[in-house]
């Protein structure tokens, strides 16, 4: 991928440079960048992205279908043979498709074939907004759509994919609706203070469990960095595990063995990839509460 | 085991019948029953049990040691060969010792040998008050005691074992401190009503997970029967799982996919086998609280 | 009022006795009792009450209006002159109408006149289901009804009034939907135990504040008796005050002066006079929660 | 009071200017400023304040007592006659002493006399850290101290008073431990969103009730500005009132009349004037929770 440049640089470079810099934002379609080069300067990255999408949406339908057809299949042969574009490879990597079991690979294959048979273009999904489980669920659901709905949905997903790619090309892009955030906060309501030094683990669940973060709360009862941020939060199921037993033992509380509360798990789902999920825990050795906060 | 009889029957039967009825309450020691037969009538089952224990505690130490020595080892050869008394067999069964892996059996063997070597009598534990994990933990801990402490502890455990056996022999025994209870209660704080029809599962955890109960809440938000009762609650780790996602979907709430809250797990420890653990859940589709109630 | 008798006695006494016992259940209308005496025996008190109401509802409309007209006005001249029936006097007493300020008395007078002018019968309300504030609010609201609605509402209220009166006449009446209940429960979630010895006060608010109960929680964290029971809970506004500061100080917690939490007030409304309101408090020196429980 | 200047200006001006600018930080004692002028430059305002306090604490005891003696009495004659220093007047104003009833004024007079009689210098208190109620309570408590303790306490209070005064003289002072903060946050846990448009009132209680703030929550469920900030939070009792009934009615919830929850009051004490008190409310129409957060 090219090194990110400023919007200013994009607005003032030659058309050839512009196409070189943004040509691969749309899969195998440098002509999208070329088509909007003459519309420069763009006031902000949102305007640039809007112009690119407007061009694609304005194509004659047959041409647009050709464009869709060029997209690689998810978990498809191209992915497994390593012959996709660099960014598609990276993006599909976030689904850990390489790690698919034989059964899962067969399920993807089956869905891909059914989809292509019904719609004549490949299934297109902004995979960074999904876990494997939610990608499969949405795949099955979209297969039931009619052709017009799915044609529109594929373009919407291309909008999401290219928006994220554009964000990676422009220094200080300022694009809205690009990233979500997951944060937590532990309050010790027995002592009325933030709980410092509580180990907090985040797992992706809803399939094979996968550890995503392992932190300790600071003296404000928070983790220094969000548990997830910097991009869309993959739709799916997660669990936070708070090691309260160790914490309260260190406070000299809860002498019982085993303690009433030890590792407290909060299982939750993420359905809005660009939202802020704040999931605090207020706890004593004998009680706890959580809620979706803000 | 003999059919339970009333205290009145025990107070008025012949000495021979009395010994037949209660002779096996103390392992291989019908002489305990014989020794207290002459003290009848007993005002209540507690007085009867106290008299039996007083007799044992009053024995010369060497005789008492002989008595301890007659007890079968936990997970020992006798257990595995099927040559223990009927009730010991039943009680040890509650630990599911038969299902021990080779490694676990070796660990028990090792502890049994070390214990017998140090104390010259077998490790005695009221197993109905323990899960396998807590039995092992307490075994290791007691191995570190000195001989006097352990002698006293063994007698205390015999007190607990025989108290439970006595409860099984006497109709309407009225013995205090015999049983604990685990109950729950689900409140839907979005609608201000008890949550009816929530599936609640109880698992023993802290080792291989084991399903102990699977219920639905009634219109009071409770399960018709306690989740655990009728005897001591085995010390150990548990998890309640509340299927809130299904419940709120049935209420027409939480259209998101996946829902923020779906199966809510409350992991907790039990350290007081004869206590009442009431663990309520108050919940909306976006928040929940729990605490050790009463 | 007559001494309560059993349903059996009512079913088997003479008609004259029956009318003497139940003649005043309907205001100035012993003929209601007389009319149903021949329908005896009644299976239960609910059947008896249903028969009486059916007779009243079955009257020609003009006769029914005459009957409504005989009811005393609420807070009206009859009340203030002491010339109402014994039970009306007692029931109106629950509103503490005698204690009306000059302005309030004027407001009642004004509403009474407007009502009688519009409907030609007095405003009828089961006052035991209301506080002064809610009685006034509902009076103003009902004044806006049309004549048919208000005619039906008046009969419904007579049903409620007479149901309560009947409950007072029959030993072990078994009548459903007669009484509500207000209970509480204090959990100390810092220690995982019921909070014993917490002073709990109940006030009627929504006008001049009135202390209704002043108790201490027992070792289960409850008050020995419900805070309100034995009849309908008057619709209105209330406040529970929990003296947590004193409680936690006695536990050796919360050395700060002033404590973060001292007297915790829970203000709530009652809108269902025959319901069970359970309002628990879970608290530490630094946090608390409440909810409408069951 | 002089216009605030930068620390840089204080470090580089003439001694005369320095004394003019800071001479009144210590009551009637420009010699404190003069004594530290030669120690310039100061690295920060904390170092400057430390130097001034060190000079005072280093005085011979008799001289230090003379200095204490020059302080005006709280609520004393000087206050009532308007002959105190400008800042003392302003500071005492925060106690609203002018509004003292005859009884309260008599109580202050009595305490002032007893204190002066026992200690031979006036009662000195950083009044901005207190409400009237807490000032009186601490006055009575300090009267019981011995002379050495009270001498040290008076100097500590002078440290607090002058620290706040210094903060007012230096642009961008950077002084630590000067101000507390009271914030809130309302979460609607029925809908999983911040509660927008909830009216929140803050009252000082613990005497005649006084409204301190009246706000509406924004779309983050917070008030745009802290409810209290910019200086120490006066030690004392407060109540937050959240108008939840109006909020939930506007959401189309809670059709009952009266609603179960209407105006929810959270009564709390402040004991740490320089701390951050965050007091969130999570609520549905049927339940709420609060805690001291951070």
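Letters A, B, C and D name the chains as they come in the text, with residue numbers starting at 1 for each one.
The working rule: contacts are C-beta pairs under 8 Å (C-beta built on N, C-alpha and C of every residue); 3 or more make two chains touch, one makes a residue touch a chain.
Just so we're on the same page, UniProt names per chain: A, B, C, D = OHCU decarboxylase.
Values in this document were obtained by computation on a predicted structure and should not be read as measured data.
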Neighbours of chain B (OHCU decarboxylase) that also touch chain A (OHCU decarboxylase) are C, D
Sort the other chains by how far their Cα centres are from that of chain C (OHCU decarboxylase) and give me the top one.
-> A
Go ahead and note the Å separation of the Cα centroids belonging to chain B (OHCU decarboxylase) and chain D (OHCU decarboxylase).
-> 57
Where chain A (OHCU decarboxylase) and chain D (OHCU decarboxylase) are represented by their mean Cα positions, the distance between them in whole Å | 48
Pull out every residue in chain A (OHCU decarboxylase) that's touching 2 or more other chains.
-> 187, 189, 192, 260, 282, 286-287, 289, 291-292
Per the touch rule, the chain A (OHCU decarboxylase) residues reaching chain C (OHCU decarboxylase) in their complex are 187, 189-192, 260, 282, 284-287, 289
In the complex, chain C (OHCU decarboxylase) touches chain B (OHCU decarboxylase) at residues 187, 189, 192-194, 220-221, 282, 289, 291-294
So, in the complex, the side of chain D (OHCU decarboxylase) touching chain C (OHCU decarboxylase) is made of residues 134, 137, 206, 235-237, 256-265, 267-272, 286-292
